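Structures given as structure tokens follow.
Next come two complexes, and both contain chain A; in the first it sits with chain B, in the second with chain C.
So, the complex of A and B:
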């Protein structure tokens, strides 16, 4: 019992303590933040071995008898460790980031810790009420973190909280539906999740509505289209560590955790619902990455990629095959790592240069080597380049598409990866290569060591989990989808992994060939090939390098005037006939539910306001007409 | 039985005495008036606390004018006061919010003139509300409703400005039409039965003593009257002008208490006990509720005046209560009453906070506020806490009552209404996210650079209410469910068998055996 409570209570307690640290006590605030995160990581590791859980009778809301119940299985415990690790890195990074700056690191650390506690509560919950409370705590901390960011952060924070609030309400309504459905079926503890997992609901009638509501909740949290729009909006004015920790990783972990549980354990979704999930995934991948291609603000660009990557997870889950679901869970883990690394890198660049405008950056590769190296690894990971971790999980998602016999969606997933790579070529070129503007000559990595430690650790994990991809698959991903052992086999295209999640039907007839991916072999060959290439290079012409002054148009090369920012090359994307229109439509806000609702609501509000003339006789008339109508209504039989 | 409730008249006598003492002491000790209000409210708080500790239905006769043996039966004269679970809940709410408002007024009103008059009206308002909550017959209910209403008209016009007087006049006219409707409804029932006592009337109407057209006419008039006092759409038009015009503690009393005691409580009492609630009435409650829920929340979107936003949200939140009352189950009634109490707590905290912000920044316009968190953290925390409560963020009480309403709606099969309620909750979140970010966070306008934290008597009542908001949600499993459940059981018996009306009638009749 205590072992399961600690990952929630420790960060919450230290977070509440840090809330009262005065703004000027920087060291105390950051130390509390790091301590709380480390405590959560340690508690998460200690809880790894705990199986099962406990339930205490808590309260009764009408027909719903509710327990305070936590439980642990392979999925939850490793997810808690992941959250703990991300908290530690976010705290370390923030500690470095605040060095020599104003602001209130204590409050910042406190809110991050409260989000961590809420996240752990969601992951360990065995009762829907515990899950809802943790879920909403994360939304609230995100709002408070965002709104206390820069001066112009308000509208973005509000938008984020409203869309997250939509998800929260959907979760609540879905949970109520589930509970009443189960209560009607005679369950004693209708909100108990392990009880729900014992008898998954078939998605028909009210249960289909419940699954759909949980899907909306997960989509809003994780940021799948069309409920994604809060992420790019809030990204421009929010602290980098907040972006990395919440929309970048924790929110994705929670959203996908909910959807994985709902799709594999709580419900047996029918093919129509799975099709909806798959297509939302595919559309999110392609639209997200296309919007990312045309961005020139590094933060907005990264947040569109954060949206796009969610698409892979939805797509994998929607296939309804074991391998696809494993791909979704593994991608959730990998995305948390490389996406945090990218956001933290962007924050580091912004801290030293004061801008995230790609056109104003360049040539930082030499002066900010750690940031460069880490972002390079993370960029290759997110683009799905072997042997990094992003490839391993995408590989499973691809297999899931094949197993579900969906060549069109497979093509979408592959194409999405290509465009992701294209987009990150632009980022790497614009930020780290090319000529460096003179005003960035002094930019060095001057933050505390915490920043480098956090980024390097994340990049190392991106490499490590790619090279030994079998290990997380066995330990974390397999148990998540109910596979006791043999998760690593999925990489080799083992037929056992291609079976559907629900029902005993065999693997579908395969129109596309299977493939095998062996991370170790691929890594070995790549290292060998690189060594050979280096050897050839050192033998050949590279040795006799000439240096000459560069002339452009007859004049000496001027770093300021003759720079080639990468963004220019990507303008052409807008000129592709249909795509250009689509991007313009996306940017106009006409596809954003938040904007749409505001536009649709304005005339209604206007009409209501016009009706309220302020004239007493009108109001009296309403009352008299109202009472006449009511009397007639009662009289009439 | 009579002896049990002998302290009941104190609920009315104490504030009345305090009120007129304020006036008497005008020349002798002008500074005593605010403290008298505080003392009377603290006394009421103690009384309400001990009343909540009790159980069952207590009956008392004011001034000992109780039943006597007369001829062959009992002769009933005098004013019957009845305390049951429903009254207990609202008496406690009145005492809690009233105490906070009285303490807040100590410093808030300091620079304004005419204070003894204010405190007289304040105490009359409380006396009227308490009386209405305890009245055992329809005519006294009407009288106490009028006492509270008249006091509130005066308090809305307390500030001598053009808009305030205009708002008070509109409120006066619409409120009087409503009161007249109530009186006419009572007269109709009296003409048909010759009774005014609610227990007697309930039994008579259940036995079919009132012909259908007369009952429909009376019920329609009661809807007009109590829906206007509740400010349910389309009878709400007075509220958005009246509530913002009053001084902050009075706004808190009006929005936090008056629309519930004169509106929701009286509606529940008259319909669930006396007139009877059928499918048609439930449908009407649901319709009025949906209209208020959405109309209020949509109208609030376009406002920039903080107090007007809060006032429109009162309309919207009362819509929730009405929708829940329209559910045919004990759970629906419990959810409605719980939400009404929660709304009383957080809306009064919000109005008091709005008063503090007005005092701090010299404006009620959201677009001109900002960054108060840096200057007055205690005030800001009070506002943020109450905003989170009304927006239904856990662990604040708004979350729990919203959840309870959704459970009640879904288990009654009203999926569409549940979706509408969830949608309105989202719109509420939209508004209060805007309020928070504009008023509390964001950059500090240069104008407010010199702003200082307000005196403790202004932020402590708000913080206390916010703590109560937290507790009423968190303590649901240990006590709150008992108090709210007892109130709901007084309205509608849990389960299928047994009737809450019979219980009430029996208790009142039992008290008449001399």
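So, the complex of A and C:
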């Protein structure tokens, strides 16, 4: 089963090669990036049909054995294909982006490929330690990519690394607890994941701690509140393709993958833990999108949405029902598509205009049609407007909330998507509608074709997966949560999808019909209706059109003076008593664990700083003290 | 294939396009007539709303040079298609017609948001700053009422009722399921929680229709119709038709979720029609006896007292009241 190694090894090898391409060899660097990503996609597709595993004995710790073990099942295989596809699109986009620019595309491509390899390792791992290695590789490449952004990227990258490092630490501690539990139960390979899946741990005692630690790891990676703050901070100085590929999609895929596995296969979380997950989800949805609503910087705005969307996945998973978990996995897939598309579109806008300040943009709809069209589709998808893909997955999450009997959380999720729509109305107005400032008249889509190809492909997938939502549910999403067949029926209200993930399905109290959603029929009728209405209107005067400038207050329109920037849209929201204060609190960073830790740790750091005198004799003295301590320790023992 | 043919009929003829548009225009005449009577005027003849639309269809289309022309022209048609689809799904369920369901309460909730989104994007796409002001107000108004509306609708889904010696809630988002539950356990509105929720949802639907006192997005004396400022001719006719269809749809939403639907039950269709008329008359009266509020007042009103009442209703519903 060497086929399972290829999605990891191929991008890693080509990535290492690209690392040594000199900065001026632009074409070589980008070509290697695209080749590596294509190789991963091909290897992922080839591995789709491969079932079973690959294992090489690796380490032996006394009676315990650790294998380098990979395996493939209904979830891993297509998740690797998804990662491969995203890698290809990110590489293509970057290739187009670097056209006619300075910088080091080789290094950029190399790091993206290494992240792709790490991601595939996480998804294919059959051993918790292999998973941790891949997980770490992704964190490390994220830091290196973030730090190689603009000059001011340092603090954001450091924050990302600290918070992700906290998550990684939680993952390792969780792994230790899992190993202890399993070893106590007599397992020879305590970290074997297929072994774990055969006998899921009930979340009591240490196992509850282990689940909670894995939850923290997943939250930090995926960016759920309160461990989200690295995403908005790093977004302002990091390359668009990095934002799209890592925090926008790959990190979400990995974080949610871990949590889905932990919640459906490795553990049987009890209602309290599930409640915690659901509430974190709902709070993340509402707080994330509220913060997004008041942002003035397109990248920060998008990154708060990247946070908010994770909430839907946690909420769906926390319901503990099959339909909710399917919603979470489907939303993970959909989010990767529309979020990447949005970040890439923002990158394209920034490339041509030199700014992401919403106040300084406007009227780009006509001069950058491809970017506009793709961002429009992605914006409608993320807002959950039917028939786009975001709606289908949110719909499943809502059904999960009903099955779990959670009206408040359902209301929060419904309202969150209205807020999302509001936020994207602001984006679309600020960037693409409205009056175009004169200095943006020359802004055209001047990057390579790769940029357009990547954005169009993502937008097309957003439409496609929305209209034929039954197909991905049947083929990928159902199997991922342990429903080998019949996933597509969930949209038709099939009872098989409404069972709890763990424990017995009690008989439903009433035999009432379940909610249904027929995406193809709804799309068909919407399109048909629009066209018929257009036909009727064309019988009238629809075809006689005149273009006239708009008038304001009786005078001709002046595009510099008569601007109503999108940033003015929701000023009133800040004036709502409690909400305004909550937003101010969120902006002050007083709720950010990173800032809090920095404040609390300041005295310790101050002390350490004072010890750094810069004098050689001081350091020598400390060294001697250390050596003496070591000698004393061994002497005592 | 049978189902396809059936649904094409539902969507295009009854209770969809032809029926919803005709009924909507008739209801908008009722609205105008009652308004006129309240103001001691005579009011228009019954066919006036229809002739208004016909006249608009014959006018030329003026497209603003600024902004996004394709979207500006296309959005009114999408709005009409979405509102007709919502009307079809709701009437279909409320009348208990055969053919299964294409979408549940959530789908309807979102379909009903598409017309507002279309007006907002259309206003923003017109390139006019006043259109943008109108769009921003419209969006904030939607933010304001969607929260309490969502909570109120969920009262219908989660209300606990004694049933067969046990307590149960509908726990389904299917419209047919909600109606079936009310058949078994009695209409949601019979309980205090249901009544409160109906009141909340009524106010929210009032705002969704853009009626006074929540007409601040169109406010013709301030911002000259706001988002619709640059519209004329057939696209404006489509928005007017959308408005009419919504007028014939939103009361059905309330009746379906809270009041046992239009068919079945004692009195059958006559009782159903009575419920609709009652809701409509209440709307027209509220509309004619209130002054316009400002947008910040609307936000505070909906996110404050209205959401508070909705939450109380939800809490009561969970306690079986």
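Note that in this section the second predicted complex is superposed on the first by the 568 of 637 C-alpha atoms of A that agree within 3 Å, B and C clash if a C-alpha of one lies under 4 Å from a C-alpha of the other, contacts with A are read in each partner's own complex, and residues count from 1 in each chain.
Heads up, the rule we're going with is that contacts are C-beta pairs under 8 Å (C-beta built on N, C-alpha and C of every residue); 3 or more make two chains touch, one makes a residue touch a chain.
Only a predicted model underlies this, so the values are computations on that prediction, with no experimental measurement involved.
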Is A:496 in contact with chain B, with chain C, with both, or with neither (first, second, both, neither)? neither
For A:140, select first, second, both or neither according to whether it touches chain B, chain C, the two together, or no partner. first
Which of the two partners, first being chain B and second being chain C, lies in contact with A:405: first, second, both, or neither? second
In this superposition, which partner touches a larger number of chain A residues, chain B or chain C? C
Between chain B and chain C, whom does A:185 touch in the aligned arrangement: first, second, both, or neither? neither
Which of the two partners, first being chain B and second being chain C, lies in contact with A:64: first, second, both, or neither? first
Could you tell me if A:522 is touching chain B, chain C, both of them or neither one (first, second, both, neither)? second
Taking the complex as given, what residues does chain A use to touch chain B? 58-64, 132-133, 136-137, 140, 143, 147-148, 151, 154-155, 157-158, 161-162, 165-166, 169-170, 172-173, 176-177, 179-180, 209, 601, 604-606, 608-609, 612, 614, 616, 618-620, 622-623, 626-628, 630-631, 633-635
Flag every residue of chain B that touches chain A in the complex, lowest number first. 169-170, 173-174, 177-178, 181, 212-213, 215-217, 219-221, 223-224, 227-228, 234-235, 237-238, 240-241, 280-281, 284, 295, 298-299, 301-302, 331, 334-335, 388, 391, 393-395, 399-400, 402-404, 406-408, 410-411, 415, 418-419, 422, 425-426, 429-430, 433-434, 436-438, 441-443, 476-477, 481
Touch list for chain C against partner chain A, complex: 4, 7, 11-12, 17, 57-69, 71, 74, 77-78, 80-82, 84-85, 88, 100-107, 109-111, 113-114, 117, 120-121, 124-133, 135-136, 139-140, 142-143, 146-147, 150-151, 154-155, 157-158, 163, 166, 168-174, 176-177, 180-181, 184, 230, 233-235, 237-238, 295-296, 299-300, 303, 314, 318
Across the complex, what residues on chain A touch chain C? 363, 365-366, 372, 384-386, 391, 395, 398-399, 402-403, 405, 407-408, 410-411, 414-415, 418-419, 421-422, 425, 428-429, 432-435, 493, 509-510, 512-518, 521-522, 525-534, 536-537, 539-542, 544-550, 552, 557, 559, 562-564, 568-570, 572-573, 575-577, 579
